[in-house]
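Two complexes, one shared chain (chain A), two partners (chain B, chain C).
What follows is the complex of A and B.
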């Protein structure tokens, strides 16, 4: 090969190699990093839970019949025998900077036996959810976000057998109280946050997954006792833990 | 043609009276001490209005029959006194009928609305709110604790907005979703609305009273038969009005005592 042709050949090959390198490296950056770590813990209630009053559904015989064998009570404080506090939502209040891809799952908010199932539901901002009516009676779903706030109050009637209602919240709010105007005892909460969250079970255990390493402020919210915060550091490959304790008033 | 109209009119009149006279639709069971007064008033009204209705329609049919084949040149006779006479006669007739019904019904009205509850009546409070009725019993101390509307929290089942921690009279108050009463005991029902207008209606008790927001109203009645009866809201109060009801349980005194004890344990 002549000298100028050789130089040209080297230049072209180098350019191709450089381009390949750049494209490969940039591909690696675009691909989402695999879930790294999480935070888990237990939420406890110190003291005796306040008495949860039984609910008399006699004005709606269809629902009263469902609970005849197992009467239901209010769910303002649901504590297990070992003091585990249920329905506490633990979320990241500071430190979450991840690309908030709205979760693709569409959870269901069901009305069954004249109760909301689940009693507390976590949602990401802009995550769609479905409201269903599994009862033989009409309900109306009435979420009540903060008046004058960015989330708007709505109120929809849903007769028995009606198709699910699709809804979404556009801004974080902890928490949106949901009620049914026809059945005054029905009560539930939707907790809309950015980033991952966990909800405690009957034992008070919760888990937050898909957290990259970093320093975070965790907030735990319970409908009667309000919020508590804690700072947690998640290190790469090491699961972190954070426990909370609420004092029964 | 005119005679056919007259006959048809007479037949329709008689046919429509038959179901009423034959008592085909019977009113619901009367379980109240003043129920018979209301039922008698109803029968009196039906009888008076019925007699006037049949008389008027049959007289009309008779006139149609008699004068339907008028020939040209026949003169139409006028009612004595002309239009003025007719109006005066109608006024007197209808006026007498209405006044009579009102006069005969005064005892029923007074018994329910004007005579106060007797001193040994049992007070029960009822709060009507969109879209349920809830009841409150004063408990052993016989006193109702104060209501704090800002404390009303249906999610916590604090329907009446009681402050049990700070108001001693509220401590033994019993809040229920069903109204239990002992048989043959006069009940003094204290009524108020939480939000908009509602109405308390138990057809077997022959009792109906609107709730007016801002007013404390009361009724008294005595139930005479054991059973479970519907209390329905009969004043349009919103989208759940059709579903707004509660149940009245009339029980024997021992059953009522047991029921109240059970309700107290669920507070």
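What follows is the complex of A and C.
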């Protein structure tokens, strides 16, 4: 080959090789997601928990009877002996870009002994839940999302023995207060978020699972003390931890 | 030339200042955009754009320029005027949690609300009222994102019979209406004194013993609709999931026996010697069974 022809040949072959490389690289399939990580931690209350008032259910004898042996109190702040704070919802407020499909499980919001069980329930946007009445008395379920907001207030009667009510929330909201007008002491919260979340137990311990590695902002919400945020980085296969502490007022 | 320029600058500044002040609920541009809102009532089409003058003349005093229920009269009246920016309405033919139909709003404007400061606007023409309905809607973005619910089916009213009244009384007992409304319907049930509305203001349950008309109407059909769809924004829930359409009429007839009206129902109740319900009695064996229904509350 002549020199210029050889140079041209090399150029063409290199170009083809380069093109092949580029195309191959761009066609590379996304690998299976790396091992999912999680975040766990403890939520503590600094200081003395405010006194929870005993609830007088004498207006509803059927429920008063249920609690005769173990009187119940309000649940605005539920703190364990070691200062662990219960019912705190920890969720991803920034950095979650995961699947938009709602969880398929249908948790139950029960009315039992004229209380809401659970007191705080976490939900995905568009996740269905069931409201049941396990009491011998009628209740009305009256969720009160933010007035004028994207979720709308509704109010349904549910007599004793009535079938479960299926419902769903279409937009995130932290948090929707639920009440019963017949029994004004009844109070609970539905926390509607996108992505995984955890709710702290009596020891204040929570766990968020199924989190791909990444940088996240965590928000912890408690019904009396509001929210706190923290930035957390989750690495593949390495559990991350984030603790929160609320000051008793 | 100079003074002219200064004048226009001063004008511009004043206009800007005022547009800043009125930014409470919707922005000015949002509101202008919403003025394209329409209402459809029978053959009429109402236009928000044509209602501004009438709204300012007749409605602003209570409902406020921004439709937020903060007109200058609001502080002196009870119940408070409706806040249209929240898009929550009591008088609906649609399920709890959903928007009313344009017709519902039109009926409310025309009828007014008994025992409140909301007068009947029937002296205004049909077209004017339809335009005002469109104007009411233009205060909330919800009318753009959601559709009104499907109005409930109301079967035709059957004849009043003693059996129906007794069945209605059984429902009144089983559904525990007396917990708020009281066993004689005087609005003095055990839960009555702690009731609050969605703005946390105290609110009283309807007193059947003393009152003849409801806020959302005065006919039997209106009463039917009230307890089947509930009154959103108040403690009054919807009972549609637990009352079959035909037995709802039984409850209507029983409720009529509690009111100071000369109705056939009241006459029959007197003949029967009907006594108020006993809250401590267990539900009778032939109490109607609750009807299983799918109660989806998805956003529209």
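We adopt the following convention: the second predicted complex is superposed on the first by the 214 of 249 C-alpha atoms of A that agree within 3 Å, B and C clash if a C-alpha of one lies under 4 Å from a C-alpha of the other, contacts with A are read in each partner's own complex, and residues count from 1 in each chain.
Please note the rule applied: a contact is a pair of C-beta atoms (placed from the backbone, for glycine too) under 8 Å apart; a residue touches a chain by one contact, two chains touch by 3 or more.
Only a predicted model underlies this, so the values are computations on that prediction, with no experimental measurement involved.
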Fit or clash between chain C and chain B when superposed on chain A: clash
First (chain B), second (chain C), both or neither touched by A:177: first
Contacts of A:54 with chain B and chain C, given as first, second, both or neither: first
Which superposed partner A:244 touches (first chain B, second chain C, both, neither): neither
First, second, both or neither for A:152, with chain B first and chain C second: second
Contacts of A:187 with chain B and chain C, given as first, second, both or neither: first
Most chain A residues touched (candidates chain B, chain C): C
Touched partner set for A:162, first chain B, second chain C, both or neither: second
First (chain B), second (chain C), both or neither touched by A:142: second
Touched partner set for A:76, first chain B, second chain C, both or neither: first
Part of chain B, among the options 42-50, 222-230 or 240-248, whose backbone runs into chain C after overlay: 240-248
On chain A, positions contacted by chain B and by chain C: 59, 137-138, 140, 157, 181-184
In the complex with chain A, residue positions of chain C that touch it: 83, 85-88, 96-98, 140, 142, 145-146, 174-176, 179-180, 190-191, 194-196, 198-199, 230, 232-239, 241-242, 290, 292-299
Residues of chain A defined as touching chain C within the complex: 59, 137-138, 140-142, 144, 147-148, 150-159, 161-163, 165-171, 181-184
Residues of chain A that touch chain B when the two form their complex: 53-60, 74, 76, 137-138, 140, 157, 177, 179, 181-185, 187
Residue ranges of chain B touching chain A (in the complex, touch as defined): 129-133, 154-157, 159, 176-178, 238-240, 243-247, 266-267
